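Letters A, B, C and D name the chains as they come in the text, with residue numbers starting at 1 for each one.
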């Protein structure tokens, strides 16, 4: 690749964009970008303008001649792209508010990427990513798609397995967070350790070895409940049972707390909700404040405030992944990619989140091998849930959506769960064309959330 | 087999024994038994005597010359046996009371074969069945072991896969109940329909075809929530979502209600518990009444009262299975046996409950083929739970018991679950030699159920 | 199925048709047929007329009122059919002559269903069976397709897996021959034994159990090299190594001789060829003589001479299979059907030849379970060969045909094999539309068999 | 690892040892060895002395203070070893002469690592490597075993899967030869390309990508029949069919010629044999000449003559592998290691030869994913052959040896093959204690090779 690199970021109006710019700036010498196109939709136009200007100011403060374009015309942006990153959020934070409030009001977990909310995020996103892939086939058939729209693993499975776009890699910051914090616990630098991850996005385990090949997983387990234990800041730190983890001898990811401390996490989330509303509502305020900061015409670097936003390292991981492909770096990263047998208890064409070698070939997983019954059973049921979710998202089949809800370990099964499903369908009508018929039917039955916040959002066209 | 048939029933003092006798009597012409040995333990001696006498009276009322022996000496009974049936209950109903009360007191499901209670029943039973298999290797190496001690699938897996006794078949009445009630719904006789079951014990699905090969599963789904729908009487009939079932197009078993209507089943069970104690306590009364009936020296047939006891058809299924082997009948029965690929998403050497051909070869499963994501994921996580349970039962490893609890969908994960595990370990100390060390440690920490019923049982040496 | 049964036989002009009639006549009471349609092509018109008249005479000699129709119009015949049997031979015996002569002239095995010839039979047949399935979709969407056109397993895999016609069962007489001859060796009747077969068409093993469930495979191995050992008469009886078979403890099928006594079988086949031409040429004479017999207007039953023709029991197996479906018999037959996990080392959607339960549901395999390394490796490579063959037959891809030749254990790899492939392609041009381009190219290079028999056949338009 | 490194080489008297020394010398800065122990047996004592002295002279000519020990006492050498390399040859070249002559005299391929000879090399080696592993368990439980004794994949499978020594890596020079010669064809340096290999030792394929991720496999296929095409010099270059390889779009290894050009390779080998005896006999002369060179007390570096010996790069690969482990290099090497799912069509615990990441963790395979039918079937049958071979080598079961012979694609099946098996058993009596009984029986039947060379070798105690 001798030609100038063209990057396209879909959902470019996101508050994360400055981190992405920082990541590219810091790698300019190895990754000589010429153009960055930030794409967004009409609803996000104002934010796109603000963040686009900040992005350009950031580049202008460097010696590099990089032009930042903002556009609502996705096709214009995609033509001839080399790398496309996706960080869009269908329905914006308002949709997430519904994802979190409606389950919570029924006494269930209201969370962005897990449980009922996570499945609905997939229902909304999959039709959109399908359109994007179709555009890419036409306009940039050789481009890499670096996805960090959540639920990242599910979206990547839809893109690779269902839409046939093989040059796609899914990213997540959760493994990065572990790799940034744990080495300090054992007084090492990350470069001295060999990390091996395997599982699914937001549901993986890892083990760690020192430079002599000695496994140190058990030492890190001892510290997992500490602040530095590697859990992202947005997840409540209910205590893991160390006896359980030592028995498994693997380090779970932060999201495992929802599964291994289900009761405490649920209680905390309900309590939190009663006190301060959902995390989405908090985030909306954080975002508003951030954009106030971004507007400042003197600001020409990533502001401190962004770091606190959660999701740290996400954008940096994307930049590193792009550079590793471009420069054939052959480095270890943890990404969502085609299994290819690396986790033998899952299908070869399933998408898994796993330690991979990143090179000009893209991501190639390092074979993990057989799992114990405990990890195996959990992975298999989670993958089945993902498959049901994708199937429902593609077909708009209500029965399949019910299957996804029934198999999801974080949904308490029964008529209340069906109530949550129905209310969410109606609440997200605008973004669920595939479920149109069923939603019409549910509305005819009078089904709708009575929650004033939801009612209000819908009145305002969300 | 020209020689006279010797049957041995371990747990012979059970209240079910008269049904077993009835089953043998009705099949005498095809299954010419000469001796029946009822074996039990010291604690069950009185009941063994009562039921043994009734059994002999039942045979004496027939033209057949069959001798019923009662003994506390298992080895004496096993020598030269042709068929051994197991229907024992380690710790008797008192142990089941603890299995049901302790989870219920923590707000969880207290149930005999599912959730926490079911796993503890396995922990207690596996060491005993191991001893039985060792005795059989010595005393009746060619005998068939027909197991109907619960959790029947787990026990059968331990016997076949771990103790290497291939001539073992696990039985359950749940499929029989479906096959006895459903045909009436479509106005057919069972003999006109082809039933196909697949799954695990207490967690299977089935589909049904008429004599022209047309599938009628969807018609039966329509009636599943009715009284005649095929659910055993001991399971509360929370409503299945017909939309879910039609989408899957399979008939779940009655126990699926705990999984698909988790919330309603849990609420009902807690409510029930508050009103009338556990089902085990009710059963204890039922049993006491039954034995009063059995004592009647004029009684020489299976009394009506037994039918109401739940577990109907269990013993008859055992007799039919024995006769099908003896007579090389090549008939369809639904049993727990080695998978051998019949359900491809589970290991070949796993035990599954599946439509099988029963002949002199024993049970050979009819291949079912690939499952949809929904059924597949659920089966895989349930099998993983069974594997963790067996592994913990064999090793006494506390971490593995924690894994089993954490992966069981009917246990709400978190510190409360660990509390339930710990209290159950201490409560069942007498029957859990493999966990001796851990129990000592827990007792030293002062862990014990405060429930007066449990306290009382333990005071009385249970 | 109350309505009158309509049977359609494609390739109805075959010399086997009288056996088929006999099979239906003997089962009329349980299988009340009203119409039999014999379909053939223009080239087979004369034989169709002869055999059609004989068939009608056979029925007329019974008390049953069954009408036999002959037609060259397949669509007319298929409309409203209940069962379609296929016994056609694309290119007739003349094509088989080429399949056998060309390899033999290059020092390789020339055989109808194995090695180079068998693959070419598939290349010719698959496009035709595709058309038949398309007609059936339109004209008799509920009919069963009972295939006994060879290579039966490959054709069945094309029909079920590639053309999506699930109601298809492949038949072969080889298992029947074993089951007809072996019981005598142990002085038993077939009904007393349990046979279990697993493998692929013309490449399967079996084991046998007596009515007490005792395995008697080893006793039968002792007699496998004897005349009564169960090998079809058309296969030369090179000696199996008994030490090998006892080690495997399975009974191979007759065709295994080509694989386990490769050298002797090849030598014998070359020698035979030098003496008397190919078996196809001998068969052509046998057929001509048979049709002379069939012409006799006084003949109204299956003539003795047909029995000697090889392929005995084929047609009777087809009749029995049809009756078992129609009458929901639930009996054991060995057929080619979807694996569904019965042989876990092969894909679930592969077609295997395996002990099955035949009922109104069609064929459902009895799970066999894991195989030893020896059987497993051989089955897997044979299935891979079948897959390459089907893929080449569907696509006309020459490279894929080369893959099939290279992986087939009975083709000696190298430039000579490529020569055989090329000559066969040119020789069968008329029946290989999918390879049109490649054949044109080969002809331009002057490739053609110089064998006078082949040259002659081609001159005469074959 | 701060302590001085101790290397032990079993079969240290091999003519390859100077290359090994050269490899260590050139890496001394990164791999600070203190002691090298060359171990051999009584029969190899003289060669051990010669090569040991040369090795010491080589080190003495460097600035590094490394001591070379020679010993016949393996246990003494192994105590405290860090890395053990194995390059021994049970029965020396004399045994290989028998492996090659006896099949050739029966018209079959006589080859060191493929066909009959390769299986017998495994039969002789596996009992010895078992003893070595037992010694290591006792004396150096943390050491890595780097095996390059052939058949390297089979030996590695025995060590890891059967003897449980997980820290074992199998090496072969064949992939190295490809990677050394092919890049020149496309005018690139190896460092610019990404190579991916998968398969079994001496039976693998590879594909190649340039630094932009573009696959260039097809370009390299075009040149595979040229001298620089990557085939080791010891393999006759029968022409690959380019149409076949383009269809598969993978580069086979040189040994594939025995399978894809079976006829030409066999003919060439028989012809060669008639002209000049076996390759083993030629090698014996080459070795004798080499050792004359090694004796020269002025020689203190690897002599030119060794390069011609075949097997080039073997020892260098071993040194590089050791250094990559010691220095946690995380580089790509092609080695025999546990599959772990990398090739999903083979068992996870099988040993495969595959592109791996080499680090302090040892070798971790890069997941390759599903194979096409052609490659899959071949790999599966070859792995089955390896499994039968290992099973026979471990048990001494003659039936299993017959199974291995019957499934090996390079043995022409039939009575002649049994003759070869029997003669080889008798000829190698000295090294096959596990087959003692069977050999006694065969000898009693008068079975023995009549070949004068074999007779002579046996007279001289080989």
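Assume a residue touches a chain if its C-beta (ideal position, glycine included) is under 8 Å from a C-beta of that chain, and two chains touch if they have at least 3 such contacts.
Just so we're on the same page, UniProt names per chain: A, B, C, D = 6-phospho-beta-glucosidase.
Just so it is clear, the model here is predicted, and its values are computed rather than measured.
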{"item": "Comparison of B-C and A-B (more C-beta pairs in contact)", "value": "A-B"}
{"item": "Relative to subunit A (6-phospho-beta-glucosidase), chain with the most remote C-alpha centre", "value": "C"}
{"item": "Approximate Å spacing (C-alpha centroids) for the pair subunit A (6-phospho-beta-glucosidase), subunit C (6-phospho-beta-glucosidase)", "value": "55"}
{"item": "Distance from the mean Cα position of subunit C (6-phospho-beta-glucosidase) to that of subunit B (6-phospho-beta-glucosidase), given in whole angstrom", "value": "47"}
{"item": "Rounded Å distance, subunit A (6-phospho-beta-glucosidase) centre to subunit B (6-phospho-beta-glucosidase) centre (Cα mean)", "value": "44"}
{"item": "Residues of subunit A (6-phospho-beta-glucosidase) engaged with two or more neighbouring chains", "value": "none"}
{"item": "Complex contact set, residues of subunit A (6-phospho-beta-glucosidase) against subunit B (6-phospho-beta-glucosidase)", "value": "238-239, 241, 243-244, 246-248, 259-265, 373-374, 376-378, 380-385, 387-388, 391, 397-400, 402-403, 406-407, 409, 412-418"}
{"item": "Residues of subunit C (6-phospho-beta-glucosidase) defined as touching subunit B (6-phospho-beta-glucosidase) within the complex", "value": "1, 194, 196, 209-213, 325, 328, 330, 332, 338-344, 348-349, 357, 359-362, 364-370"}
